[in-house]
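Chain IDs A, B, C and D follow the sequence of writing; residue 1 opens each chain.
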């Protein structure tokens, strides 16, 4: 109880500190922090799937990419600028994709599920890289950043770096609170039961597949949100965001941070972001560094950073 | 879904650049500080050797200028872009917003270049593209503050059509990696070939970066065209050449391509490459004093052979030196600096070089033939080739 | 004649060449405690797994309350009222006892209040009310068995499939479970697979003996005890 | 397509499939028995190819490269198993995916540091440089025939080892029930260690065989890794016979996909895999649910 209160205070301090970053006035660090927050949101969404429902999916980058591409497509193709239109549509689109992929994937489990989700990721990667009309390998620009106006005044302009920052901050905090609630709610506890012993859950009467699909869709839609925010922040989407390496990297993030804790994967995202930023200056082989961190985490720190903070090893 | 940049946006960008030039100049002291040059290049991954050659050639050129541009000492800031477009926006920001470089150079990968264009068009950073050949950079997305010292994809493949037709090959199969570099090369070739009266029997897109060609080679053998035009590069090119020769097609159906088919892969491809004809704006074997001097200096500095990528890096610094000398190192005089670059000329290792209206090079394109494992220059495929500038408002 | 709650017809399950269950036809009567005994490898657990839907039948049928449920998945059978407990305690070790029964109870969604109440009732019925905050993995072996049964009860089953509830328990623990089962069986139907003959004969109304995946004999405990065939095939071996 | 072209393409597909099988066989054994999903398998393939290049360039002989390189790979495989993989047997798939993903990153940079970024060609052994005519236009390099025959021989050898030796019996027992093997008093540690090493060597050997055909370049392991996964999953994880069937299916599907569906050909093998899994969630010849 004590530890969890300490965690809560630490998270609060961290959230406030993040909110103060724009005061530094340095555009680069504002954008850097925004990118970290998007990565944190992305990792948290995967944690719902991996840490709570126990589903190891390599399709998560696909949902991130779909969200980003849907925003670009809705803006460029349909001329939609208002986030009130584009955000829900992009999330709905991602959710539908997650429903289809989830429906087909959770028929299998374990390693087969890892592989079939990998296959879907690769299919989408090739689709967006090669199919005509989807931007091709060079990617797409978001013609206009989401902007909300009414009666001739602009209420919210996400093309403005600072506004986008606060919007992303708010989204991160809101999604954290939502997820924290969800995992404590009956739905989250049933997911935990499925993770621990799915066969038993079925003999208790649960249609476990439906729960798993629901988790898949929820996690996928939130990954889509992270993608939408990414496209909003940078105004640029590219098929490279679909690749299986991206899916692998976000899995590393979740495990490094500590799966099943929500805030752990967020911490993992920050740590990897910082490692990437500074590690690159320090060594040309920083990819190996990330690899080494992943290996060390698996071998020595099964509980991840969150486990370390709680003083336990898993 | 591609977003062609509206004419209005380009004009707006141009006028904004002009307006900022009229803003009060920074203090003179500031301009005497080091000039910061950002390098956004791959130092890891498949294209690392390209990134290294471009960088080393830039530093070679800088040393010839005593490491000073317009009287200011150079400070290099390099970021490894890993040729990963997914990381590109963050990497560009690192240099443009974080490091506040005076001049941004790079990248190799055109996906990275697209992310870069998005940002530098907004931030108005003076940018010199040192490799990526994507058409939009000096086409639909062109911008007064963006120059290119390498090539546009069109320039490397359009002339190849003429070479083939001149050789009497009227029926061709086109085979290319199905990503933008390949697609743009193919369409440039198609334009030239059909315009000149040739027929393209079949176009075969191959997923990038697949290197399994056997099925399509059998298909080509059954189609029996007069010649084959291909776009592959790097490892894929080496593999393709070996497969093509091993399938016994090299003697029966001559192979043509943009120069990237043979750049940097002759060693790996070995004797299989003999007989391939390509077009490119440079050839290692160009017999000019400028090229000889450059290649010797590069070899001395790095103990590696120079290549087409190094040439672009080398020219970048020499062109910058001219322009910055003209404005006395004052990078805040944006309008003057852009005008100075537009007027810059150099006798490059590749031959005469100047910028066209869209800031793409106007340069010779050569016909090259692989013979005895070495590239020979057969002559000019197109003299002073200019890019047709698809959709660039600055062209008019 | 009492109505059959569950009926199997030539129920068969093969694993490759081996028929673990080879054509079992059996009637389980409503309200009865029906014990299934037999030597190791007789197919008792396989039979239970077929009834609970955890294994797919190779051939034959299962009817529950007159409805053909041969191909029904385990979750559907559970919702129809077939509960299941396991040979080795199959609880959720990371969750507390209360959470375990909550999960079981929540599978019948009818409002959080009722879910909680049903769970509490099941825990109390199994004598675990005082241990409800202990993680299931920390409970003693006997308590885990009690929790198993509590979880089963929390789903309010009509028919209970109980697999070797006494295996590995000490004398006192076993007695607690036997008492509990007797209590549980008062208004439910129970199919019990068990090795402990004393326990079986003390609570069963009907006993079926399986040998090599087939029914050797079915009858009252008394009849089974006295059957020479059973003695020969089975009881003789056990002590 | 004419009949003769179909025949030629079928040949192409089988040839590609045979090479895929060699890579996938190690992957499927390691998964089937050790229960480890090894993303680093592609790295072993790459290392094999680079060793072939490195040694062949210095000695001029691919055979010599294989003789010298394979023991190196035995050592690499053994060390990776002892130092990292062996600690994962009791862990979940997530840990395995992550650890071996980390290994991929490390091996990629190791390759960069040791061999550089250039593309390298590996000359074919002189005795195998010829070619035979195949139809009027195309010819078929002898070396391709050699690799196909070699792959087929190795496949038969594998079959012989698995079905006909004590080691093979243990492997089969391990694939169906690891606990039973332990109960039989077999040293599982040694068995696993030997198997993982064998898998690594098989991957490296495929890399060496393929090197003269594919050239050697950074990142070459990842493309083959993903396709091998597809092969293994289609065939049924743990089944060598399945891997063989899967490899041929993928080889042929990919070949015809390229000819008949250019532009979307890269999706063809994934579509085949998705289709197989829809009807047979455990692959063509997969065992029903391994208890892991």
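We take it that a contact is a pair of C-beta atoms (placed from the backbone, for glycine too) under 8 Å apart; a residue touches a chain by one contact, two chains touch by 3 or more.
In this text, all values refer to a predicted model and were calculated from it rather than measured experimentally.
Traced through touching neighbours, the fewest hops from chain C to chain D number 2. Most remote from chain A, judged by the distance between CA-atom centroids, is C.
C-beta contact counts were set side by side for A-D and A-B; A-D has more. Comparing chain C-alpha centroids with the centroid of the full set of protein C-alpha atoms picks out A as the closest. Rounded to whole angstrom, the centroid-to-centroid distance between chain B and chain C, based on C-alpha atoms, equals 75 Å. The centroid of the Cα atoms in chain A and the matching centroid in chain D are 33 Å apart.
For the pair chain A and chain B, the distance between mean C-alpha positions equals 36 Å.
Centre to centre, using the average C-alpha position, chain A and chain C are separated by 44 Å.
Each of residues 109, 112, 263, 266 in chain D touches at least two other chains.
The set of chain C residues that touch two or more partner chains is empty. With touch defined as above, residues shared between interfaces to two or more other chains in chain B number as follows: 44, 178, 205, 207. Shown are all chain pairs that touch, namely A-B, A-C, A-D, B-D. For chain D in complex with chain B, the residues that touch the partner chain are 1-2, 5, 8-9, 12-13, 15-16, 109, 112, 116-121, 123, 131, 133, 135, 137-141, 143-144, 213-220, 223, 254-256, 258-259, 262-263, 265-266.
Residues 186, 189-190, 192-193, 196-197, 199-208 of chain A are the ones that touch chain C when the two sit in their complex.
Taken together, the chain C residues at the contact with chain A in this complex read 52-54, 73-75, 77-79, 84, 86, 90, 92-95, 99, 102-104, 106-108, 112, 151, 155.
Those residues of chain A that touch chain D in the complex are listed here as 50, 56, 58, 104, 107-108, 110-112, 114-116, 118-120, 122-123, 126-127, 130-131, 244, 248, 251-252, 255, 259, 285, 287-288, 290-295, 297-299, 302. Those residues of chain A that touch chain B in the shared complex are 27-29, 31-32, 35, 72-73, 76-77, 126, 129-130, 133-141, 143, 233-236, 238-241, 243, 246, 277, 280, 284-285, 287.
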